[in-house]
Amino acid sequence: MSAIQEVVTEAPAVEAVPKRAMTLGYGTSLALLLVLILVPLFVKNFIIFQLTMLLIYAVAVLALNILTGGSGQFSLGQSAFYAVGAYTSAILMEHADINYALTLPIAGIVCFVFGFLFGQPALRLSGVYLALATFALATAMPQLLKLGVFEKWTGGVQGLVVTKPDAPFGLPMSQDMWLYYFTLAVSVAIYVSSVNLLRSRSGRAFMAIRDNEIAASAMGIDVALYKTLAFGVSAGITGVAGGLGAIAVQFVAPDGYTITLAISLFLGMVVGGVGWLPGSIVGSAFIIFVPNIAEGISKGLSGAVFGVLLFLVIFLVPHGARQVAVVAQQLLGKFKKS
Amino acid sequence: MELFINQVLAGIATGAIYACMALAVVMIYQAIDHLNFAQGEMAMFSTFISWQLMQWGIPYWGAFVLTLALSFAGGVLIERLLFKPLAKAPILTNVAGFIALYAIINSVAGLIWDFTIKQYPTPFGSSPFLGSQLISTHQAGMIGVTILLLILLYLFFQFTRVGLAMRAAASVPESARLVGINTSWMIALGWGMAAAIGSIAGMMIAPVVFLEPNMMLGVLIYGFAAAVLGGLTSPFGAVIGGFLVGIFENLVGTYIPGVGNELKLPIALALIITVLVVKPAGLFGRPIVKRV
Amino acid sequence: MTAMLNIRDLNAYYGQVQALHGLEFALNEGSVTTLLGANGAGKTTTLRAICNMVRTTGAIEFDGAPLSGRSTENIVRLGIAHVPQGRGTFTTMTVEENLQLGAITRSDKAGIVSDIERMYDHFPVLKQRYTQQAGTLSGGEQQMLAVARALMLRPRLMLLDEPSFGLAPLIVRDLFKILGKINREDKVTILVVEQNAQLALELADKAYVIETGRIVMSGNAAEIANNEDVRKSYLGY
């Protein structure tokens, strides 16, 4: 074995999305918001439930986007934070009788701390090593949730049933519809805050670290602080999504938060476009609906069909939905000029 | 004390599985600079092919060699068709590709051969090795094959022109092109070799864990962990890493109370990560100096 | 005599940025040509364009045949050796392995072995260190190794990108002497790109000056060396 140090001039593992391009224009955003507000008025309750899950997973993918697309740290462990958020909400609602809305910020804070703490040892890891570490976290979580020590609170293997809230003030809408609008409000708030975060000084610090950690450190950025902060923020947001998920699905159980969820969220980020926050909803749509489509095409080969569809997407748009948006923008620009 | 030694020996025996898999992992890492999540599935599929050949009457070693050749070709084909188009795409997109490949192979294998467990033969027999209760002849054979593979790989990389070219292409791709090496084909070759090595790992492992489409998942994770522990740039490290992981896993299961089968994996991974925090390039990896 | 290398209307792009604008020049077989320019003028880009390492439009012809559409490794196999900026040494391999890699496209084993010996004659220091990891060599030694590696190809044309970079003046002088020897004895056509104009102009027959992606001056090396502007900008007096 040679003792030679391999000198690596690293290209960033995560490509830089220019700050300007990180969001949709105001017009498009408002149009999308309008659609999201109006759609539930015209569809059945079950579709509304699916839309709620769409928003929830979009928030989780957004969190991953901040961590990977923003600060350049890989994570295959988001399912762990999602689970902690879900269980926090469930436990507070069922054992401590706390109002569902209040459980969300608590879940967020708990997960923020959890993520921040996890970020500490993760500082010395990057790339594949960090992927492995977060993978370990994700595989451990379901087992930890099943541990006998915690059974009193977690309900063990069976998990906990969560009561779905009614619309407040006697508003004339179904539980599903109320929950949808509640989730929409929370999601928009998180989206706007995230965009502002990435545009702020902290956001610039994240991106400097993503693009070139050593240079960032030389510029005086406290790399350790910002990296753990990114983990914390990402975990916190994922925790809120988890809490919402628990309420929407009406129960929590250990096997609902396996590594498959973490991998799905990762795929959602890639399909949506890494580092492109609006893409989170596209990614979320992919991971919710495409598996169902695959199963519809062939029950026995659903995994293979899913894989083929995924390949098609990444062949056509290797940079995810962001690529489609950029092309659309260019076409629109040409159209305006003519 | 005797329990400890026994568990260590048993760990070495099971560790041979991880060592073999880790070799395939390092092989592909050398070629493409990242880990391929679908490698376990490719190894599993190869093992099924060898099983099928034996079902059709081909004797063990004939099936073994034929499977090796088919796996090599398959690896090259997969790289040329599915991953060469992604060569200019971001790394994360490639990772999504690995995941897609995993889903496809796992699903197809399940359809062709279904999910019931099958027996898989070993050419080494399964009697106690040298009378020991802990290592069977098969496990000893597995260790032997892994070491033989390691030696062959060493000879290939150090003493053949193709091996030299592959090393160069992985080390400084631009310079490799400037001496006339077709780095794109070197990657395809790397995939082929990794697939072949993976198929050997699968055929060695199947007698122990039994043949079914999900047999490689745990093994692959441990294989990754072993490769990382040993140092991703070092085939020798990968093998040592494999044995160490086997030992860790066994000791954790024996000495830490309340740890069932499910928690062994994350704990083993946690131990490995602890090593990495101290020695980020792995035990035998070249320390990597990062320059701006 | 048709030129060995003919470049016409060459434009080169890094993404959307255009680095070379309508470059035109030619190299005659057996000549030594130098391309001078400041940092960022486009010297390295020109060499990379010849080896198709950067996106280009325009015509590059080698021995009358167009190079466009060929991959870098195929261009190299035509007999064009490129010693890149920073030397591109295979740092984790031994000196001898680096030399063997230079000849990896050749199949004449005996020829390769004798060529390695010739390299050791040109550069005795490499012989001393032949089993050493290339990364442990000094800058000057690595530069010699890079040149030797390029020569192992038995190239007809050798491109050198700032070979003097980071080297002590005496070492550079030695290196350029050897380059002259190689040009005369082994009949290797040389295109050397340099910021260090003095030595390059002493070695070369022809010279071009490039500024912001355009050739602004061309002529005999001696003429260029005596040119008032060149002396002020590149020779310091």
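The letters A, B and C name the chains in turn, as written, and every chain counts its residues from 1.
The rule is short, and it goes like this: contacts are C-beta pairs under 8 Å (C-beta built on N, C-alpha and C of every residue); 3 or more make two chains touch, one makes a residue touch a chain.
On a predicted model such as this, the values are computed, not experimentally measured, just so you know.
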item	value
Chain located farthest away, centre of chain B as origin (C-alpha)	C
Middle chain, criterion being Cα centroid separation	B
Pair of chains joined by the greatest number of C-beta pairs in contact	A-B
Chain B and chain C: spacing of chain centres that average the CA atoms, whole Å	43
Computed distance of Cα centres, chain C from chain A, in Å	51
Whole-Å gap separating chain A and chain B, where each centre is the average of the chain's CA atoms	31
Overlap residues in chain A, where contacts from two or more other chains coincide	2, 4-7
Residue numbers of chain C (touch at least two other chains)	91-92
Set of chain B residues in contact with two or more other chains	286
Interface residues, chain B side, partner chain C - complex	161, 164-165, 167-168, 171-172, 174-183, 286
Touching residues (chain side chain B, partner chain A) in the complex	34-35, 82, 85-86, 88-93, 95-97, 99-104, 106-108, 110-111, 221, 224-225, 228, 232-234, 236, 258, 260, 262-263, 265-267, 269-270, 272-273, 276-277, 280, 284, 286-292
Contacting residues of chain A [partner chain B, same complex]	1-2, 4-10, 13-15, 68, 121, 124-125, 128-129, 131-133, 135-137, 139-140, 142-144, 146-148, 212, 214-215, 218, 263, 266-267, 269-271, 274, 300-308, 310-311, 314-315, 318-320
Contacting residues of chain C [partner chain B, same complex]	51, 53, 71-73, 76-77, 81-82, 84, 88-93, 97, 100-102, 104-105, 149, 153
